[in-house]
Amino acid sequence: MKRFCLTVIVVLWVLVPVVLAADGEAPISDATQECLDCHSEFHPGIVQDWHNSRHSTMTPQNALKADKLKRRMSSKSVPEALQNQAVGCAECHTLRAGAHSDTFEHNGYEIHMVVSPDDCATCHVTEKTQFAKNLMAHAYKNLAENPLYQDLQRTILGESTVEDGKIRFSPANGLTRAEACFYCHGTRLEVTGYETRDTDAGELEFPIINGWPNQGVGRVNLDGSRGACSACHSRHHFSMEMARKPYTCKECHAGPDVPAFKVYSSSKHGNIFSAMNSTWNFTAVPWTIGTDFSAPTCAACHISLLVNPNGEVVNPRTHQMSDRLGWRIFGLIYAHPYPKEPDTTKIRNRAGLSLPTDFDGGFAKDYLIGPEAQKIRRQTMQNTCLNCHSTAWVKSHFVRLDNTIQTSNAKVLTATGLVSRAWESGYAQGPGQQGSPFDEFIERRWSDVWLFHANNVRFVSAMAGGGDYGVFEDGRYPLTNALLDMQSWLETRNMMSTAKKK
Amino acid sequence: MKRFCLTVIVVLWVLVPVVLAADGEAPISDATQECLDCHSEFHPGIVQDWHNSRHSTMTPQNALKADKLKRRMSSKSVPEALQNQAVGCAECHTLRAGAHSDTFEHNGYEIHMVVSPDDCATCHVTEKTQFAKNLMAHAYKNLAENPLYQDLQRTILGESTVEDGKIRFSPANGLTRAEACFYCHGTRLEVTGYETRDTDAGELEFPIINGWPNQGVGRVNLDGSRGACSACHSRHHFSMEMARKPYTCKECHAGPDVPAFKVYSSSKHGNIFSAMNSTWNFTAVPWTIGTDFSAPTCAACHISLLVNPNGEVVNPRTHQMSDRLGWRIFGLIYAHPYPKEPDTTKIRNRAGLSLPTDFDGGFAKDYLIGPEAQKIRRQTMQNTCLNCHSTAWVKSHFVRLDNTIQTSNAKVLTATGLVSRAWESGYAQGPGQQGSPFDEFIERRWSDVWLFHANNVRFVSAMAGGGDYGVFEDGRYPLTNALLDMQSWLETRNMMSTAKKK
Amino acid sequence: MKRFCLTVIVVLWVLVPVVLAADGEAPISDATQECLDCHSEFHPGIVQDWHNSRHSTMTPQNALKADKLKRRMSSKSVPEALQNQAVGCAECHTLRAGAHSDTFEHNGYEIHMVVSPDDCATCHVTEKTQFAKNLMAHAYKNLAENPLYQDLQRTILGESTVEDGKIRFSPANGLTRAEACFYCHGTRLEVTGYETRDTDAGELEFPIINGWPNQGVGRVNLDGSRGACSACHSRHHFSMEMARKPYTCKECHAGPDVPAFKVYSSSKHGNIFSAMNSTWNFTAVPWTIGTDFSAPTCAACHISLLVNPNGEVVNPRTHQMSDRLGWRIFGLIYAHPYPKEPDTTKIRNRAGLSLPTDFDGGFAKDYLIGPEAQKIRRQTMQNTCLNCHSTAWVKSHFVRLDNTIQTSNAKVLTATGLVSRAWESGYAQGPGQQGSPFDEFIERRWSDVWLFHANNVRFVSAMAGGGDYGVFEDGRYPLTNALLDMQSWLETRNMMSTAKKK
């Protein structure tokens, strides 16, 4: 009987913590308790989400006690007032009250609606600092302050009219922009006034925030900081499990311009994830290759602290995801070495445009990392690959990627040659003719090539994403279709032009 | 030891019912037992499915004992003969024998193959009554008896030949129609004869049913009723879990015309569902926000009885899904206020067509709900949103949706202007030229705009479905591509026409 | 207390084996232990994967003891040296050393990197023998040695230049081919030399293998055998669960040419799988319909040994998947009866091309199975269907499929008529004009029709894949769009041609 009960104990030892973990023992501050008293009634969904979170069950002081590799907090210390209580409503929404322009008086508290990376940095300073070095943190400015991208945006989102047989696009309004490009890039938030609302708790005054709601990665916040941790760490559970699964990345990497999720889910890695992930451990810190999971997710390759089963660090946690990306395979308009600085508005190509490449494929070298930096980043990535793949395998994979970057850039060059002929022949009005390069039929077939198909070909190569995807689903077949469509259109115009001259 | 065993008991308390639930104690009727005796051998898959269902373990009488909010049966009483036994084969397939034209003698029983909503209404009368008020319940007639939609169907499904350089489409045969449009819309079932088959149980006679199999939402049944509960509540498990997950809706909302599933799975809500739903409770009635699930599925917003963690009703269960839809964002050819009546064949626009909008964007107002009804429906939807989102958040979301309805309709107007020019110039034959508006190249680029791209833009807006999806995956970029393609085509024809005149 | 403990025992009886299964008791050979000593350090991911596999816990001798239907090994016996130990690193990677041209000396062992089907046949001879009879096993040759397909490949993958206003494609290099078409079809592996690498275990020599890595189904291995079991049974877990889930098939059946996964996931079967599979048993052998799963996956219909709940065999396990496929619905260029032989390079149509159909739709009958063989294969498939569906249901399903094969072939004939007119009129250069049929705009719209849209229509019909998918997502609507696009292009050229003559 004793031995049997011992077995029972061992088995329950595994099962019980799952239940207990939800209980937690972190005391709730009086301020947060006051929030909960009303909001449990008014917004029970997010309150319950928070109750399910680690924030509700762990004090910063206890979080700091974990061994180095197991620590989830990167700040070495936190203000004393926050140390010994759960990270609740008030702890975040009253933090740095003076810094936020949306701070308002709410039942005796100075609270702000929009919690920013600078707030989160109180406990997670390394993540905030690293993230700020990403292109993503600058995604608002990089789009909104680049004249060429603004032109592309105008022709996609703008109001359309037909004038003299041509389609004219006027700029889109702010509401459209906020739910389109800036949904992912982030909006610029602004307090435009205050309104009094008759709530179930009586008349209350609230700030009116232009650009809200938004969780874009480059959101310009009301304390001047950039980004939104909630883009990936969805409120108010802030679940590591969710951030480590590829669905989170899919929100903004869904389309043919950045087809990461679709390519992943057609790859061997994605297959293994889809079939087997229900038995994996998505909350372990550090994350152990082979033991916790048997194929990488987006987070495994790009972000998470990985160790091998012997506990040795394979790759450190990083929120500067570019630190293992030697190439930027997202073509603008060609794939190119990664930009040195996250603020890409500073880049100038030979023609003086804010583009990392020239129209003929040359790189704006001064603004892009060099071969040595590329090599180091590649090696960092390979640290992870080599845990499951032989050196020969990994080496060959990256040789193929290099080849694909070159051959896909060559196909874009063919497309650029075709659109240039249209411009030179006067069949379309490009930059040289004071026209937009994005608002005529053949120009769009050209942007299809570099923005969609060539990117797909490269993502498939980079992620070993499968032959059918990169050929027929999206990739080499539609890419060459687009080239042939451009050629046919040019030929038709040439024939009409010749007929006219006669 | 005692305390340890107590812990064991508590833990097992949680685990054991999962096992017991599958046992059940509902007595099986003699008739059903007779069915099971043979069909366990002949169709073991569906028999096993039924054994896994609530129908096999719960008598109607016991189901009626549940508290109001927990009740899954809406009928106040059921015929005495059905009250105290499991809901088995015979209970449904012999019900209302006289009403079904497919009723046939089968081993001493009068059974019918196709169980209809009117059969299900024996226990679920409210659901049947509500569902009948949906467009879906009329999906067969709304398609089959609208001349314009029939024309569209002919040009998509029909046989094609080339005559005088033009493609002519003749109507598709019934087999094609049944597996294409009417797979979802539902077929009209008809008994066309009887056949004798040599089965493992000897020679038996069966009805031959034209249009069978089908589980379309608007199926016209052999008792004259409309719809198929099995469209969403798949036989013979009739699983609430399945109906509440978005995959069920995907069967008919898969394509670019009604991209609900694809947009959902790229949204924040979809991300949370995909990452976390393995820990949610999909069978609880009522369904508690925050406790049972932390992000809505299709069912949560449109159908299910929701309560908050305090047990207060957030939204009642409804099978009239339109009761929270102010706009019909599925453009025909523009987004428009929801139709008043589910039978849309009665609608007439200014031109006398069975369309809810005019070609220039005007609404067929007499047939559509007004602003006050729209407001009430919107508020019903918002009852759910407000459990996790602030008033400012929800308000801004719907302001953006209104803007998107307007701007996407404006883009459709541009496209309609372009196709109209083609018709006026004689480059294509539209309704004004005794031609179909759906069977020429430029007409299809026009239908791409309203049927696909504008719908995508609106679904993304309505479901907060993500920037990348609504711009590049399908939405504003392909929409403007289509406009530019139409413009280029028109320009080419204009140039040839001018050349010819010279 | 006794009764309580009994309950505990019963419950643990269910839970404990899950834990114990991972322990296993198969002794590890000295050779494998030596591999593990280093590779646990160097490649911990795959080592851990193997530890999670059945291979690590079961000796061949014990595997052979299972009852016939439960056996996972088809070979009747194995060499004595392998019988009583786990199937570890050395057991597979030193097997048949003389047969593999990549065998090299590695720390005292003769090992080869690429394990082949002929190695796996040591224990799984039936599966190897059956698989060799599939088109898949010949996928390398069937593509690489068919001149017409090579031409298609060149125009999709090749380098592009513009000459005299036309786009010219030169053949793609080997790196591109390996990650594109041959990712799925399989590469031809070849040892091209040896290299010495400075590893953590000192200087070691390794073979350089051209075409590696690759897991394509038709890979030509270094022992001359064809195929890669790891295409579906991913190394080194070789999980039956993974092979039985549809994600595995998706790796190569992702695109519009062979849209099996996408159609499945939009079908009723796919819906049931997605919603309910977390409760299914994916490792049971044999696989019991209704008990282990309630809707088929790809493997259930095409491969797995199925029994009904009474333990009677429904369909035997087969790795010759064609044994239940009467039609090849993948159109080349029309759907056609299944080829008799897996080597399709032998096929000749009336025009002498290696195509199973003529350009006008006729079948290359001598090379294709006849009606009687089609009927037998169909019945084999129906053995599975009939476990959940009535005879009338199944019959009607296949009547619809036959109709769809005919009507979709008719649509392809319309498209072929249009491209032929372009060739005859000199607007494009086809095979009759010494041109490629794949490298001009109108030719690609033609290949879109048969390679994408008609295939989609047929896959949707064959898999009861849903109306919306087969009409709007991909199928009849884009198919007719392509026809109209071809017609419009021809009309434009005709008009220009007429104008020129005047």
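Order of writing sets the labels: A, B and C. Residues in every chain begin at 1.
Throughout what follows, a residue touches a chain if its C-beta (ideal position, glycine included) is under 8 Å from a C-beta of that chain, and two chains touch if they have at least 3 such contacts.
Keep in mind that this is a model prediction, so the values were computed, not measured.
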Chain contact topology (line, ring, star, complete or other): complete
Self-contact between copies chain A and chain C, residue sets same or different by half: different
Inter-copy rotation, chain A to chain B, in degrees (Cα atoms; steps of 5): 120
Inter-centroid spacing, chain C versus chain A (mean Cα positions, whole Å): 33
Residues of chain B engaged with two or more neighbouring chains: 8, 278, 492, 496, 499
Residues of chain B defined as touching chain A within the complex: 1, 4, 7-8, 11, 14, 265-268, 270-272, 274-276, 278, 289-291, 294, 308-310, 386-393, 396-397, 399-400, 403-404, 407, 410-411, 414, 417-418, 460-461, 464, 466-473, 475-477, 480-481, 483-485, 487-488, 490-492, 494-496, 499
Of chain C, residues touching chain A in the complex: 5, 8-9, 12, 15-16, 19, 40-49, 52, 113, 155-157, 159-162, 165-167, 169, 172-173, 175-176, 178-185, 197, 199, 206, 208-209, 212-213, 215-216, 234, 237, 239, 241-242, 245, 247-248, 250-258, 278, 439-442, 444, 448, 451-452, 489, 492-493, 496, 499-500
